[in-house]
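Shared between the two complexes below is subunit A, which pairs with subunit B and subunit C, respectively.
Our next item is the complex of A and B:
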């Protein structure tokens, strides 16, 4: 209503007349309108409006100006270096781009991909590597629950368990391949069981095992912290009640702890699936170079070979596009399917 | 929540896990001090006498220190710019409603977990065409861009916990938005911002693919590609390999040891999800 020049004048007069008869609410409501006019002894209507509108515009500019300025860096980076390149990748997945020339070839790249037994093998490998996700969840959960017992030194344990997380996968990979060398420390430990002298890295399944083991070892510390963070929000009274009902340790874990932290487990599951699909490159590069054969080649490693070593950029674009789609679908499926999803709070 | 009797068992189990996370460090350190022949005799315990031969062998054959420097040149600016841009964007998203804010945030969500390789493909070719191959700048910018969406997402979750009344109070006092951001939001959210910054640093510092593809001249190679080639070169000379891995671990371990209090507390308070 203050859009009209007469608005302020009318409202500035209003309190004067009904002041005695007006109910308290109306007084408050009226007082909520332009009070400063009353206080300043009702200056000329137009000037008031002009001044206030001017101030409002100035405020809006300041406010908007800041918001837009504050969004500029993020917008430039996200649009220029993420969104635009994605569109380019989509376009080039339909071309025979080799880095210099590019011609439209329709779905030829995708046809080639799905006819290629190596690519099927790569997809199968990714599915096998997904075994690491439940392993990471279980190890993180068990370790977190044990730390949460708060036995003496539990803070030290918590500190130590995160160490693998801060090491580069390159370093972890090199360590693991050293440990799994023939005659290495793993062989030495396993010799009493009759398993010594296994050529871990030259057989498909054992090589995959080494990659998965390295992945679990680096990832469980982060999982532990996330679960510990969730555990502190569980009401201890629940456990007391369960104890009175005679519920055992396992029963309490299954019926209280896991349901109460399910949104954290979901989060961990989502990010670890993504990580398994997109970030195995470093482990594979160092531990097995994708071999033996293509048995440990991950999608990213396959892209590295086809694109950056052989220069088939159009084909590589098709590969990464499929990778992106798989990751997207897996994420959405997990968000939809995970049991007892709780609304994530704005922590 | 276990009975009193089984607490020693819990302690024992935790010790076993701790051995698995600490022993590899001990193994690296111990075997760095050994000669190759001593390694072949007994690699697992602590060395009986110390030699620094593998350090000098490593530093003489591998441009270790310069790759460390190159990593710093790339990672530090990327972390600072990414963290600051994310914080500013998250502040606008949560406290200063603006027209295109939601659209931008949705774009970020969509690309948040996008594999970096999706954008690297066209960018790599464009960088080469622009004559910027083996220049640090593209690597810095790409790392920055890739870390902004998740950073913004995390910051937004943290900034939402700041009561609007605090912001309102500062505005009534006549503070500009920039002032509010600098002297209200940043101090309140500092633990979360530091935690997210450290996490971003670890992400970029430890990454291999982009550093391998973009910078592959001896004059600009970063740390992870240098480390990745060690096991191929010194696969039979474990002490030299371990010297490299140990030196390569020190920067992030040091960062973790020095900031563990803030970092772990930040993560426990939910700053990272």
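Our next item is the complex of A and C:
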């Protein structure tokens, strides 16, 4: 800190009155730390270091006191509701906590998990549910482009398509399980085609299909809004140029739209993958209760079963930790996979 | 290669706004036609109608011999250069230029050949693999030109292609665009709001105002014989000085403010229509260079004015003065920000003239070059 003047100069410049006005505060900031803070019995080098660090903190507090005060409530929430539980979860995953007694068991929970065929089944289910992500992207993209191009009735569609997104997943789940019940609306429509009487929710693949359909149905409205907002940032002259160059609708979608909004597509892909892994609980709970067997059990639903139905809190914590690692890896992979295009607007 | 022909073309937007009104205009094959006018005059709409990016409400548009009203842009055999270039940001220079050819399934070797030829003409050979973001403004502009050139279209359309460049580069590219156009010999419609570009580049210039075509002529004719006050004050910089003046019966002289200017016979011969305006108020137009401080060549044709400001440009002085006549501003021609003072005017005089602000000076008026307009409707008075 070469810009700090020496002690005597500081004290001579220091205003006597409490620092209230901005110019006075500015003066103190420039002048540095008052002399009395230097007093300390530590060896010279350490004292200097302590004095400087202390000075920095004290100065920061004085300059931004209110800002720090304003941060306190949010910090308490983040620490108390996020950081502490995360650390606790990591700890519990190495214990056999059953809600009452707990002792450290090392990696036993993880060993058991990987030996457990049900857990493998649950992981496979999650991978199958990932089919929803490209479906959501494609549906969102096509719908957004059509709305953007103002197809007749686009205002109505923009509104209608977003509704599923704001419905509670429980309601969506209830709707879908009703639709696909034997004798339900889907059954009635498909019977003339010879596909009737299919017990959708009693067979693994059709049950998974229903879960994926519900997921796509609720998610594409949000995707549409994100893509629509991305589309408005694309220079319309690019489409004019493409029209003149002879590009048809698909070609414009492929060669202009998708490259220009690739960062939004990446964002949608990442959050939908995360959503598929972490937020299927309510759908699965309402539609199929994870069945038949464990064929539609998502990782989150499995966590619920182990933790709250079987009371294996430590085991559940291990499942959650693995889920976290999977999501982390998938997110990093997606960020790396998407081409990092240097797309600049107004070029 | 082909001509472009507007036949009573009108464009009305769904909200009722009439962007283009009954325009008839022929651009012959190989001609460089400039559309010029202030913002919102309909010039860009007219251009976009040729491109097929705007629908034509009524009237007929022909390219070559075929009516193209309902043809899609890609079937019109046109190429367009956009104001912001509209380069595809994620494609390289070569891909940008070759995109249209690729869509037309031109063989790869042929695309390569044509792209290379275009970049050679444009001096872009070293930049083929760059992305637009890595190019300077002038280079992007050239890529946009290249993209139009490789198409070998029947018509070039250019929408203010130089307006995003800095002043020096704009002058340079102006010459370059003209050179390329002459070399290719393709009919070109060029939109600009810059009357200097219009004057320097166009074989002919079409002046538009309020969606209506005002005058189509060679740059010199536009300058010398504007058909109305709008064209007179839009073309030329500094703008033509317009004042109310009272023609005396017999049209031998006129009164401008408290001063009198004699009109020689030549004026009446050139403009027989003036006779009908004897004893009436007209608007006279004087270009700044038609007011001189040199020796008096026409006695009786001088005006005295108060010098307000003298701007020395090296080759000339621009003298801002006021006289006691009423200044007239053509509708839509003045810049919005311009503060119009009564009787204000500009003269361009010899740099050695000893004029000082705050003094009174006499200017020789070139009466043969003076313009006369009907005070009611602003049209020029000739025959």
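What we mean here is this: the second predicted complex is superposed on the first by the 274 of 347 C-alpha atoms of A that agree within 3 Å, B and C clash if a C-alpha of one lies under 4 Å from a C-alpha of the other, contacts with A are read in each partner's own complex, and residues count from 1 in each chain.
The definition used in the following text is that contacts are C-beta pairs under 8 Å (C-beta built on N, C-alpha and C of every residue); 3 or more make two chains touch, one makes a residue touch a chain.
Here the structure is a predicted model, which is why all the values come from computation and not from measurement.
A.B. asks: Let me test your reading of the model: by the given contact rule, A:307 touches which partner, first (subunit B), second (subunit C), both or neither?
C.D. replies: first
A.B. asks: Once chain A of both complexes is superposed, is A:113 in touch with subunit B (first), subunit C (second), both, or neither?
C.D. replies: neither
A.B. asks: Could you say whether A:321 touches subunit B, subunit C, both of them, or neither, answering first, second, both or neither?
C.D. replies: Only subunit B is touched by A:321; subunit C is not.
A.B. asks: On the A-aligned overlay, A:201 touches which partner chain: subunit B = first, subunit C = second, or both, or neither?
C.D. replies: neither
A.B. asks: Quick one: classify A:260 as touching subunit B (first), subunit C (second), both or neither.
C.D. replies: So A:260 only meets subunit C here.
A.B. asks: State whether A:228 touches subunit B only (first), subunit C only (second), both chains, or neither.
C.D. replies: first
A.B. asks: Answer with first, second, both or neither: which of subunit B and subunit C does A:246 touch in the superposed model?
C.D. replies: Only subunit C; A:246 stays clear of subunit B.
A.B. asks: Between subunit B and subunit C, point out the one touching more subunit A residues.
C.D. replies: Comparing touch counts on subunit A for subunit B and subunit C gives B.
A.B. asks: I'd like to check the shared interface: which positions of subunit A are touched by both subunit B and subunit C across the two complexes?
C.D. replies: 346-347
A.B. asks: Of all residues in subunit C, which touch subunit A in the complex?
C.D. replies: Within the complex, subunit C contacts subunit A at residues 48, 51-53, 72-74, 78-80, 82-90, 99-100, 103-104, 131-133, 140, 147.
A.B. asks: Taking the touch rule as given, give the residues of subunit A at its contact with subunit B in the complex, in rising order.
C.D. replies: For subunit A paired with subunit B, touching residues are 62-64, 66-68, 70-71, 73-75, 77-83, 85-86, 88-89, 92, 97, 99, 143, 146-149, 151-154, 157-171, 173-175, 177-179, 185, 188, 217, 221, 225-226, 228-229, 232, 239, 249, 252, 264, 267, 271, 274, 277-278, 281-282, 285-286, 300, 303-304, 307-308, 313, 316-317, 320-321, 323-324, 327, 331, 346-347.
A.B. asks: Within their complex, state which residues of subunit B touch subunit A.
C.D. replies: Residue positions touching the partner: 1-3, 7, 10-11, 13-14, 17-18, 20-22, 24-25, 27-28, 43-44, 81, 84-86, 88-89, 91-92, 96, 98, 100-101, 104, 107-108, 111, 113-125, 128, 141-142, 144-146, 148-149, 152, 157-158, 160-161, 176-178, 181, 202, 205-209, 212-213, 223-224, 227-228, 230-231, 238, 241-242, 245, 248-249, 252-253, 255-256, 260, 264, 267-270, 272-273.
A.B. asks: What does subunit A use to touch subunit C in their complex?
C.D. replies: 235, 237-238, 240-247, 251, 255-256, 259-260, 341-347
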